[in-house]
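Everything on this sheet refers to the single structure shown next.
The first chain written gets the first letter, and so on, giving A, B, C and D; residue counts start at 1 in each chain.
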Amino acid sequence: MNPEPEPPAQESRIRASFASQGLMRTLGATLTRIAPGEVDITMPPTPAISQQHGFIHAGAVAAIADSAAGYAALTLMPPNRGVLTAEFKINLLAPATGDLILARGRVIKAGRTLTLAQAEIVSQTGGQQKLIAHLTATLMSIEGRAGITD
Amino acid sequence: MNPEPEPPAQESRIRASFASQGLMRTLGATLTRIAPGEVDITMPPTPAISQQHGFIHAGAVAAIADSAAGYAALTLMPPNRGVLTAEFKINLLAPATGDLILARGRVIKAGRTLTLAQAEIVSQTGGQQKLIAHLTATLMSIEGRAGITD
Amino acid sequence: MNPEPEPPAQESRIRASFASQGLMRTLGATLTRIAPGEVDITMPPTPAISQQHGFIHAGAVAAIADSAAGYAALTLMPPNRGVLTAEFKINLLAPATGDLILARGRVIKAGRTLTLAQAEIVSQTGGQQKLIAHLTATLMSIEGRAGITD
Amino acid sequence: MNPEPEPPAQESRIRASFASQGLMRTLGATLTRIAPGEVDITMPPTPAISQQHGFIHAGAVAAIADSAAGYAALTLMPPNRGVLTAEFKINLLAPATGDLILARGRVIKAGRTLTLAQAEIVSQTGGQQKLIAHLTATLMSIEGRAGITD
């Protein structure tokens, strides 16, 4: 989605940070879009992330949604500041099934100390999309703590 | 809390259901305690469940906390009813590190349609425990839907 | 906002229900817009609804936001069904001040048992609007319980 | 918990702050207990705080619960720091009715920037108590902003 040969610094920073999240690799998640205040993450359903009824576990859905919301917040932070999730809330609206799960993170309000972001999580089946979950997250901006910058 | 030599049906049902959650196996989680209205789950920190600063990812913490809360609710359900998480909210209070993460699920109010449960998540380091996260979850009781009984 | 001489049944039902909410009258709140899946409520700042710093109390903001979300859900319910708030979550983004507070309720996903709605709360000062709070609410649909139909 | 004949400065500070909350007066709420990390607030049901079914409006319940949680946090703050609610989440477990509503605020984890508090809300009818709602709130500690010290 970015035709330029060299990605901007903000995008590189977020791709590097995402690559260092062991959980995202374990879940099979991919960072598919970065824009100012917006980040998309996708994840394919596999038995490795299931709950007892065969659907994707709410925890796996929450994990990519939290990362999408957090990285959406990070796109708006200066290079010397990182973010930590202070809290999040997720509503599970339908069983997580389908060909692919997509979490679309978006900043609602960026603040000096706290940022509110949300993520809409949709399942894609064939050419169709269905809203399956909705998350809001409060991210805390941190600076100069143990070298945290992402 | 259970002096009987053979685990009751309720405990077997929950152990079988937990064993079928692919995500719990992927995260390395273990079901360590079942009592009426209460379930404990533990998880060791590994690089496979990390976030970008090397702590355990909030999504992994949320996943075991959601399962602990959900199974705490299931202990109070009759055999023909299962539960689904309708929503949960988690506050991350301190970085998730240490030797072991323990999520203690407990039912606050069991209702006909909706049950409120919470989980306290502590990190154990040496002999010490520290509260690192707090979750509340709303579980919806379901019956006769596609054979769901857990 | 409705040029027709006779408001539709759904609108009458919601106006009558709103008029019976003693708290809305006590807070000085007004129902200003009804559309399918959407309801707006406004409230002027007064000392009667203040917190200790002179801003509007988060509880008053939450009250009109909860009503806006709940009535947005009710617009999509058949005549014999009412709604009760099962839970809500509100993020307070900026002090609630200004000439008028406006809560815009909107349904995100309408379900058979549970409906997810949100409300954006803005303060209006002069001709400008500022987002001051964001609420998500889970509404439970109820039928035939003690004659509840709103 | 305080054997001294004269209330400590912390208690005076909180009583003065509560007295300046116009909304608490409007709702008929009373501050009934202050201890380190704990504050109780009561409110009698009246038509002035009702919702459409004659129960107490969730917004009024949330308002006293938010104040109870916030003042519980304030009991642990030094004199030059105040608190603002960053977000709260409330689960409504049963209709709010009875002779008196009691919100018991309690700090779960006090932090430098953010404090997590909860409130259990019970209805008292005759000599019996029933849990009707449960709130968790994130309070942000503020210092030196426009003279805010409560």
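To be clear about the criterion, a residue touches a chain if its C-beta (ideal position, glycine included) is under 8 Å from a C-beta of that chain, and two chains touch if they have at least 3 such contacts.
All values derive from a computational prediction rather than experimental measurement.
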item	value
Neighbouring chains common to subunit B and subunit D, by label	A, C
Reference subunit A; chain at largest CA-centroid distance	D
Centre distance in Å when subunit A and subunit D are each reduced to the mean of their C-alpha atoms	34
Centre-to-centre distance between subunit C and subunit A (centres being mean Cα positions), rounded to whole Å	30
Inter-chain centre distance, subunit C versus subunit D - centres from mean C-alpha coordinates, in Å	23
Per-residue overlap in subunit D, given as positions that touch at least 2 other chains	86-87, 89, 91, 138
Residue ranges of subunit B touching subunit C (in the complex, touch as defined)	86-87, 89, 113-114, 138, 140
Subunit A - residues contacting subunit C, complex	89, 91, 93-94, 108-109, 111, 116, 131, 134, 136, 138
Residues of subunit A that touch subunit B when the two form their complex	17-18, 20-27, 46-53, 57-60, 62-64, 66-67, 82, 84-92, 95, 146, 148, 150
